[in-house]
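The letters A, B and C name the chains in turn, as written, and every chain counts its residues from 1.
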Amino acid sequence: MRSHESGATAGGEIPPAVELRGITKRFGNLVANDGVDLSVARGEVHALLGENGAGKSTLMRILYGLARADAGVVLADGKPVAIHSPKDAIAAGIGMVTQHFALVRPMTVAENIVLGRTGGVRVQLEAAQARVTAAAERFGIRVDPLARVGDLSVGEQQRVEILKALYRDCRVLILDEPTAVLVPQEVDALFATLRRLCDDGIAVVFISHKLNEIREISNRVTVLRRGVVVGTRVTGEIGDRELASLMVGRATFGVQRRAGSGAGATVLRVEGLSALGRQGLPALREATFEVRAGEILGVAGVSGNGQTELAEVLCGMRRASAGSVTVDGVDLTSAVPARVVAAGVGRIPEDRHAAVVSELSVAHNLALERLSEFRRGPQLDSRRLREHAETLIERFTIKARPDDPIGTLSGGNLQKVILARVLSREPKLLVVSQPTRGLDVAATEYVRQQLLEQRERGAGVLLVSEDLDELLMLADRLIVLYEGRIVGEVAAGEAEPDHLGLLMAGLTGAAA
Amino acid sequence: MSFASDVLAATLRNSTPLLYGTVGETYCERAGILNLGIEGTMYASAFFGFLVAYTSGSLLLGLAAAVAVGVLAGALMGLLTVTFGTNHHVAGLGLTLFLIGTAEFANRLHFRGEQALATIDPFKLWDFLGVEILAQYALTYVGFLVIVPLAWWVLMRSSLGLNIRAVGENPEAADAAGVSVARTRYLALMIGGGLMGVGGAFFTLAALGSFTLDIIAGRGWVCIALVIFGRWRIGRGVLGALLFAFVYALQLRLRLIPELAGVPFELLLALPYVAVIAALAVSGRNVAYPGAYLKPYRRA
Amino acid sequence: MIRVRLEQRAAPARWFGVVVAPVAIVVTFALTIGFVLAAGASPLDAYNQFLVEPLTSRYTALEVLVAATPLLFTGAAVAIAFRSGFWNIGAEGQLLLGAVAATWVATTFVGGLPRAAAIPLVIAFGAAGGAAWALVPALLRVRLGIDEVVTTLLLNPVGLLVVTGLLNGPWRNPETMFPESERIATSAELPPIVGAESRLHLGFVIAIALIVVAWFVFGRTATGLRLRAAGLSPEAAGFAGIRVGRLLLGAALVSGAIAGIAGASEVMGIQYRLTDGFSAGFGYTGIVVATLGGLSMPGVVLAALFLGDLVVGSTSAGRELGVPSQLADIVQGALLLVMVSLLLLRRYRVSFRRAT
């Protein structure tokens, strides 16, 4: 643990570098931030910790002008500022390095840094190069100003992003999950840089869900849960368990389901499965697990730790780079979607809208995976299509008519259509991702009920969810993914939220 | 006059409109916009430049008019693709159809009933020391010696060029950096359009001194091919223009040789197009299209 | 200050599809009034000549159908491709190669055959010629992901070069020394269908028949639905197990084939030989027809008839009013631009809001 003479005296002579008061932001019915207060002192590294949907990214997007708060004020150096766009944020001395870099790959480092700040006809490349070199000296940020950004490693690209912020004289630097794309040596280099920035008086806001990193680099940490600040502590004065507990926030939980009738034969066996994610980096590493008939296996973890890629491989939408996938004895490793469906796998994908054609009707979408079965001679039998749709509409209480274009359906009804499409085939295995994301209470309950019924029916269900409550409510067993690896496996009855929180945050074993 | 110097002189001459058109289209595409309106732009510029020169008696005024038409066409393309965000190829084709129709309509209207083809006294070839290769139009000299280096410098070394390249690669990044994506694209289209206008004017104000139907004869499409051939780089695009002009000049003269009269020289003329398609096939997905090519940009 | 913004609609406005084409036509005519006035004619007279006159006499009305025939083919070809997600800009080149293939067969070895055998054979070759011209761009797109807009576009001038190369070279008519081919065999001629007083030939019927088949396939068959899904959302279609690549290839080849038949039809029904410049940009106009028709088959028919009407009307307007016939080309181009601009409103709503 680091001890650090803290600049954390808010309200003293030196105003905080940046302060947010009462920030509230709603997206429709969802409250992303609710009266959030945050104060970051000069020269401190302030971590922002929370699960998915806790509101961390939204809060920072508001601070950087990428989103507008419904209520609350932002103060920079003690003075209120109006931030409506990144330009305003930059003018107020706030810089941000997002998870997706805003870099122009074929251009050089110097050109990227200078973009938008050129002033005058001629591009002052020498000035930019000089400042890059100066920053290298001062902050230990090593990067070749003449290199093409596209040729740089991800860690180097991130340094360019930091340099961009420094070139604009930022006094507050926000980093959104910066280590997600870095290898360990690059993480060390980044932290060294951050320390030197702080020595210079720059304030750093560090969004993360990884406790070991927060412990290593931050002075203070603010924990967000469901849009609300649940606590701000000095990092050195709080233990891991407490932090995880704050983040996850449950002492106990209620089990609302019957015990299962006992799991049966293995339906899904995954062995040593690896896959590459975006940008060609390994996203899933040697995952090995099984799902049995009549059980729900929950996959827990903060998003971005390989869950998406796992689901995509199982659905036939991504190739595996190593390992195998077997469903009921049939090898489905890197199979195309048609084969996956034919093998009796039902898929409820994370992105609902990419699973249906919005301009086509409900009836057409319901039958899309197996149109050949609706043929009558050369034609499609529209009567049978309609009957099929009507049956499913009734059975799944979908509020729509067969001919309605899917694009007009609400989120809940759309999910019901996808469920109907999948469940009507009585699949052996269900691969389900974020099934209740963005749904209202009624639809959420409905979906969860359906999953439990499938379990009763004897199907095996793999449930990937960011919502820990949901997992604890529905799953028989849980596995936790962290950085692409399975770091823990727990029976639901024995799962403790705090322990899960630690696993999700990258700490294993010792603190349990 | 030797065959070789004849061909080389013709090469430089013929490459002039291609040079302007290719550089112009390069600007548009580097900003992320495929401008299929180039054929129509050159057409309309050729005619209206001619018309103004004819009625005013001043070639320079005609040239200015041609440039103005090109700039307007570029702005119109901007309205369609940048402001409205419509599909690039449909917008470009529609623009070409519209502009060609307009030019021919105006031509018929203005010169209807005239028995002889209206002509003007075109730009003259400069005579340098009596050397044939150096007997070129001012437009050619200005093109190679001034426009090309200037266009390169603006694109690669000036702020505007930096913005154009950024906007064509990653408009989100440019927007986040405070560059106005819309304004930059409009500028690129208008600069490109102006250059295309000069290219079109070359035919009527320099080479032919008159306007005939089908005067551009698909050379706008050649420029599209040359931009890709040149990998969106100005120097390489100009090289491609020279190559194409060389092949064209060569086959024109070879046809006159009686023994070769039946040879299908059209094969040679098809080369630039086929070469580009082959190049695309070979490099496959790795062709370095500007990143935001064809994508309209709206801040989410 | 009032701020105008484009906001995305939740779902595409349904009433739109029916209304947009007529609105586009009206807007286009409003915008092109300037041209009419510049020619010194009154707009009403001009539009009367352009649109109404051709329908008043039997001969000109049939000529409208004659003019519409190649547009029916190319419009359908482009609509099929666009709807399936293949941006076929090369209908012009495919048409030309279809004409070349048809001419070759029709001048070489159908002389002895009866008409019932010769015509289908020549048409088949025309289709093959067009499909072959679409094959390379289609393969490049499906196998290598190379954008087909540029590849199909660039093959248009190459197609033209093939035609001029043949007509100036080995196919040059030895009797007249014009750049035109020999006459095709009489058994390969498409017969007139309303008697000798009109040029309307069997090609018109073939076009309608093809359009009906296309309408049936798109609207009533499983394959058609899969094509539509692939064109609307390749990701969702792929997720549902639809083999998008294979479908795209098929659609591209069919599109090329139909465009090829357009070329064959003109050779077999109007020109009776391959000539230089027989295509007045039918391939490009096909894009206008397809877009104006909202990519639907009934729409293509209406749009082709409309443009055919315009073409016929433009020649008489030139004679009667002194309004150059090129107004038809201007209207075509403007119509395309207005149409795609209006189509934006399908996805986006214009909102006027007081800026805070």
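Quick note on the criterion: a contact is a pair of C-beta atoms (placed from the backbone, for glycine too) under 8 Å apart; a residue touches a chain by one contact, two chains touch by 3 or more.
These numbers come from a predicted model, not from an experiment.
The chain with its Cα centre farthest from the Cα centre of subunit C is A.
Of the two chain pairs considered here, A-B and B-C, the higher C-beta contact count falls to B-C. One inter-chain figure worth recording: subunit A and subunit B are separated by 48 Å, centre to centre, where each centre is the mean of the chain's CA atoms. With each centre defined as the average position of its C-alpha atoms, the distance from subunit B to subunit C rounds to 27 Å.
Residue positions of subunit A in touch with at least two other chains are not found. Of all residues in subunit B, only 157-163, 165-166, 169-170, 172-174, 176-179, 288, 291 touch subunit A in the complex they form. Only residues 6, 35, 38-39, 87, 89, 136-137, 140, 144-147, 149-151, 153-158, 160-162, 164-166, 168-170, 281, 284, 287-288, 291, 318, 322, 324-337, 340-341, 343-344 of subunit C touch subunit B when the two sit together in their complex.
Taken together, the subunit C residues at the contact with subunit A in this complex read 10-12, 14, 216, 220-222, 225-226, 228-229, 232-233, 235-243. By the touch rule above, subunit B contacts subunit C in their complex via residues 34, 36, 40, 80, 84-87, 89-91, 93-102, 104-106, 108-109, 112, 218, 221-222, 224-225, 228, 262-267, 269-270, 273-274, 276-277, 280-281, 284-285, 287, 289, 294, 298.
Contact residues on subunit A toward subunit C in their complex (touch as defined above): 315, 317, 336-338, 340-341, 347, 349, 354-360, 364, 368-369, 371-372, 374-375, 378-380, 382, 405, 407-408.
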